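Each of the next two complexes has subunit A plus one other chain: subunit B in the first, subunit C in the second.
Take a look at the complex of A and B:
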């Protein structure tokens, strides 16, 4: 039926979205392709090719990820006799467009007509597909080159098959669009006609591959391809985590311990059992904190529909033992963090003599910045469906790491990973929450215990109460200036409970990946720099949220730049450029124990202040930095390198007489190296501005008596359409030759809050150092 | 026995009359295009049309729609080509897509009430629907395109 290699049942079975609707595409430049061929009088000019060795090859950290990279075309590509090309998407779609972008790279390189491409979602199987952990803004940067190699291999095999059929040297055949052509005779064979023969050939060695000259790309970099699920999304057919329905399925909602580390003492199911539709109430196993992604435990209500399960859960009477975090209180904890950053802490970077230079400085400017816990609240709350059959577990779930989920399922169920199938549905948002598979483990354990298919649905309240929260942090920066106003000393203390505390008990210092997000990698041209990380104990589950520690760090550093500008009576953009200094490669400080460069080799992904300067200059120009603004308006600027991309943002605010804040305009410049789908980069920047405004204006999760005080979108609000930035303009820096791809999903977020607060200062003279802003501007 | 017409088809329910319409649609009828986002009418992901107007199915008891006509995203247009759906595709509105059925149902209802809404009316009419990905700029533009063609 299909060739190269049958994708296997896992890829094509199971989830709702693996139906024939997959791969439906609109706005494809299909007519353009045919038109192009016609304009050439029916001749199909083959793309010019470059040997792989001629390509600016670059090293990435992809190979160092668990299970590395697989570039076998037989794993990713199959061609049916009718010419339909099926390409596997092995990473998770949560809104970035990756399920479309990676297959599009393969299609472009192999010469496939996008209208005849279908996309199928891979199950979790990293031995087969390579790393699938969709996180860290890594997909394009790790897979642009491997996907091109897969496409080039497939094309080479098709060409070889054609040459053999025609008994001509392979050098005489070329690939057009979805067909192979013989130069001399003009004979041509479609991909479908060649698939069976091609599948019998050996896969060419990577060194022998010839890759397209980027000038010949038809899809990559054009921004003309819409996401593959677009029609299904607009018609309600797209399949998310809760859309899988199995015969005999039970609907489950769980009451979990309200305090992290707490446990259930006793429960009374009587009232819950009276709710129509409720079939059973039972205790479910929890693991002691911290336990990575293991379930919290509690009491499950099993019903014939989700509504009944929710109603039953609300009727439960449960006595909890709150455990060691029963006193966690955000007001008291904030004071602890602020005290911590006012005293010396663990030194994590030390260049020159910042202590001495601060003592002898002409002026010292001190800024203390606070950012509270944040919740992900993706529109789709955590949910998973599981089925246990004859010792085998199959799940359907919106997970960022289907491979990791499979391994955690095998470990938790104490079965072989070979007996675990993880089907990845579309994710209704992820932002890092769905990297943690606790909700899938809950469903799997219950499915086995009940020996029935189950769906565990988290309510919004469950999501807010039991998130893996963004940390809470205090950042204190002291900048020492000499008589001329030049910054000669910089001491940055950052205290925040660490993600490490979710994996290891009593972890109190941030781990390298957190320190490397805007603290120890601070690129300013300052002689004396000292960074410290005072202790901070965790009292809840700490996780990663889109752009992670870069949020508080960029907020502190980029606010401080504007504070220095104000103190010295200078333009904030000029001070920013002066601090960045001349275009150069900034080495990681020798004083840093474990430098973190987002897992990438510094040779291909150095800290390049030329690129950092460029996005500042570009966005300032595009935003009209310094232009005359109406009364009550102000502009602020900020820049941040994260996920090895460079992003600068200018925010324009308007503040009325009552102190009501609106954002008429946002301008963002991004340099993410080589890129695949600029239209989706633009949508990521638009979304980052909205999320950035939510963070800055209203985002706060707080604790009292160990319990999260918020529950839903009423008390944990996010920005709505009537308060969103009116316009976000995106400027994508064209990649210089040889610049490898970097990240786009996360790095738009960090510069937003400081640019906003700098704009507020420009408009009002009020400096916001504590987020969220909430009513701080009220007059 | 509660009878309700869903996307033109007669349906009935003899369970708990207080069951939210959302769960009847999703779990009993398998119409999964309507999404659960908050359960408290705060996010609009569950928006459907009841008797022609937008309603939050997560807080609408099935007994409240007895004898009425309910339209979900699956029934908005037989081919999925309602002007709002087309505008959504033309402008590549969705990111993750989870909220979009609710957004589209809300926008379709807004355009029935106000044929050619101002920017202000679009923003106010759509302010009950949250998009955590932040597609608002395109949502606003797409409602305008659906209304005016440009």
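Take a look at the complex of A and C:
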């Protein structure tokens, strides 16, 4: 029996509730802003504790997210009589470590011994757990404070229980490691001994909580904790989506329309049915595009094992109506985008008179940059298992948004969300692909149709052919310089099909979040800035991929900085710092219609060029910027603010006489404010370097006759271990007091490609403006 | 422990241990995989009656069901406010 959980029936303020899910849903941002750490004056507290009111607090967008934040410890913490503390991880684990980091915050604040903590994964239930959407690099920045409050609540209740048992004032007890101690007598009681009594107490009000002085953290910020599943992952015991097995389960693969917007006309299952193991072939429903995350439809092959299902699918004969996108061709579309950025477009930012300043500039440097579609290709392709029992649906799947998946299942199946259970497995990578639950809906619909448990497995080919691709873009920047070489005008046109097209027909302009990723929030100290967004129609499903529009924008902006440096005969780092300008808070331009700041209040997360400068200076110092390099080597630098973090990267390249590119070293400085798990931040920066190199060197999804031309890692390669950067150094900026946490999962990616290509230019004099690099360096 | 060692030495003496050569995996696209036959279902397409998409037009769903229309709207609003 465990205590300290599901106490909804306990009296609280004279009210009773039988619902175990009743908890406090609080908008953290409305709790009141306490600006800056304040002295405690004469208030004496238990050692090493700060009153909640004294802690520098900050507002985040957490409370405004769907279903907000829950900080009831009874929802997240249970303690068994033997002292084992179980903490619920309500966010999905795809390698960022949040399944470990968020419970770790609770454990540290609570005083739990990490060796006696167990973690359980929450099902999809946002009414109970608060927002569960693991996306946007939000988990730590939204949940650091709430998780601390949960831990502090639990600690307070344990201390109160101990004080009551000892009949002493609560001020005389304090929590050690996994126990409560009475100062005067030395008596001590372990968490397990106190849990039953503590569970009878009222959850303390947030305003009364005492939080640990950060100096007392044992776990937070130390980097001493490995991810909780590490051993299981490395020994092959960890359970992912494809490891779910249910009795009587059917294995399904689906042949989907090869062109977005297409539909099936007819199919001949005869040969497929002859394949041993194939049990049935049937049409599955698709929804006309755009249709959010609804399935594409097609033909399902149901078999007793995945291999038979795949062979059966290979034996199908299908006739498709490819629809209006049948002629989508990447070569032609690139030409359209490049034409679009050479003409005026929708003005989305207009400071000063960039047009006039360009006309009178002493020199205008023009750069056009092209980045193709990208696929997520996370190591685990989409997969989902579903079971339909007596009108209720239960699924097991690697999903980034279990709550959103539950809601979409309920709507699609036209049942109550109360009759839907979403079990989140570990994710073998996500990068944003698994925010879209189409594969889960496919499994659920089939499970109901067949009245049998079903696993729908996407092959790698399915994953590449039917991804929600990263957009394709053309970026054109014109920088006007005066006689001294100072940039006096900046015009940036960005044309790319929008994520909005996945939800709205005929969407041809980028939505505020895309504009706010490196375009309208460009922070350079330039008086005349104009940003335009010409039209671009979508011909395939466009989705978000790790760092989203920051990828093309950072590539264009930071490449242009280096081009300006070359044109003026100056050091790129010096030019970069000059363009950033002095340390200051940069307000969003008044000319911007809907400035977007990653869903965060600007008061907490302003554009701070001081922090931007600092990471540039730090990484340059650590990388030895300016040091003498061997022949064929070059260094490039880039900086970018995204997901309210600041990252600067220096890449050193080596290019041999045949043009073969290697990367001996990468240095990255990250300022992500108050951080929790530096080991994970380091791994994210290392992973971003590998992914950035893959994207820059080889990443391209192309279309011909409406179809994706690539299929697997042979023609959509990713960097292998022999090509990976030899050394990746990460420098985490210590957070100044009161600096809120910001994102770490995505921001490492955008500066990598421009730093790489700037390094290539330094080594060879060749400017790469179109990605992927592929054979552009071949001699 | 002795037997495996003797077996190992016998293999070495026979010269049957493979020499591992250092190779570079071709990384360019189009490098053929020797292990995976890239087959799929036999597919053909019929001409579509829908007008071809141009830069000024996408294929709009004219007959989307109301539930998905609402889901689209809700998700679009969410993304515009919170991001992805």
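Remarks
Here, the second predicted complex is superposed on the first by the 737 of 779 C-alpha atoms of A that agree within 3 Å, B and C clash if a C-alpha of one lies under 4 Å from a C-alpha of the other, contacts with A are read in each partner's own complex, and residues count from 1 in each chain.
Methods note: a residue touches a chain if its C-beta (ideal position, glycine included) is under 8 Å from a C-beta of that chain, and two chains touch if they have at least 3 such contacts.
This structure is a prediction, so every number in the text was calculated from the model and none was measured.
Contacts of A:644 after superposition: neither subunit B nor subunit C is touched. When the shared chain is aligned, subunit B comes close enough to touch A:689, but subunit C does not. In the superposed model, A:61 makes contact with subunit C only, not with subunit B. Looking at the shared chain after the overlay, A:712 reaches both subunit B and subunit C. In the superposition on chain A, contact is made by A:720 with both subunit B and subunit C. When both complexes are overlaid on chain A, the residue A:238 reaches subunit B alone and has no touch with subunit C.
Of the two partner chains, subunit C is the only one touched by A:325; subunit B is not. After overlaying the two complexes on the shared chain, residue contacts for A:771 are found with neither subunit B nor subunit C. The contact surfaces that subunit B and subunit C form on subunit A in the two complexes overlap at residues 461, 712, 714, 719-720, 722. Across the complex, subunit C meets subunit A through its residues 24-25, 27-33, 36, 38-46, 48, 50-65, 67-68, 71-73, 75-76, 78-84. Looking at the complex, you find that subunit B touches subunit A at residues 15-16, 18-20, 22-24, 26-28, 30-40, 42-43, 45, 72-74, 80, 85, 88-90, 92, 94-101, 104, 122-124, 126-140. Of all the residues in subunit A, the ones that touch subunit B in their complex are 16, 26-27, 93-97, 226-227, 229-231, 233-240, 242-243, 245, 251, 275-277, 304-308, 310-311, 377-381, 426-431, 457, 459-461, 679, 683-684, 686-691, 712-714, 718-722, 724-728. Chain contact summary for the complex, subunit A toward subunit C: residues 61, 64-66, 135-136, 255, 258-262, 265, 287-294, 299, 313-328, 336, 340, 408, 411-412, 414, 432, 435, 461, 499-501, 503-508, 511-513, 535-539, 544, 548, 594, 596, 598-599, 697-698, 700, 710-712, 714-717, 719-720, 722-723, 774-775.
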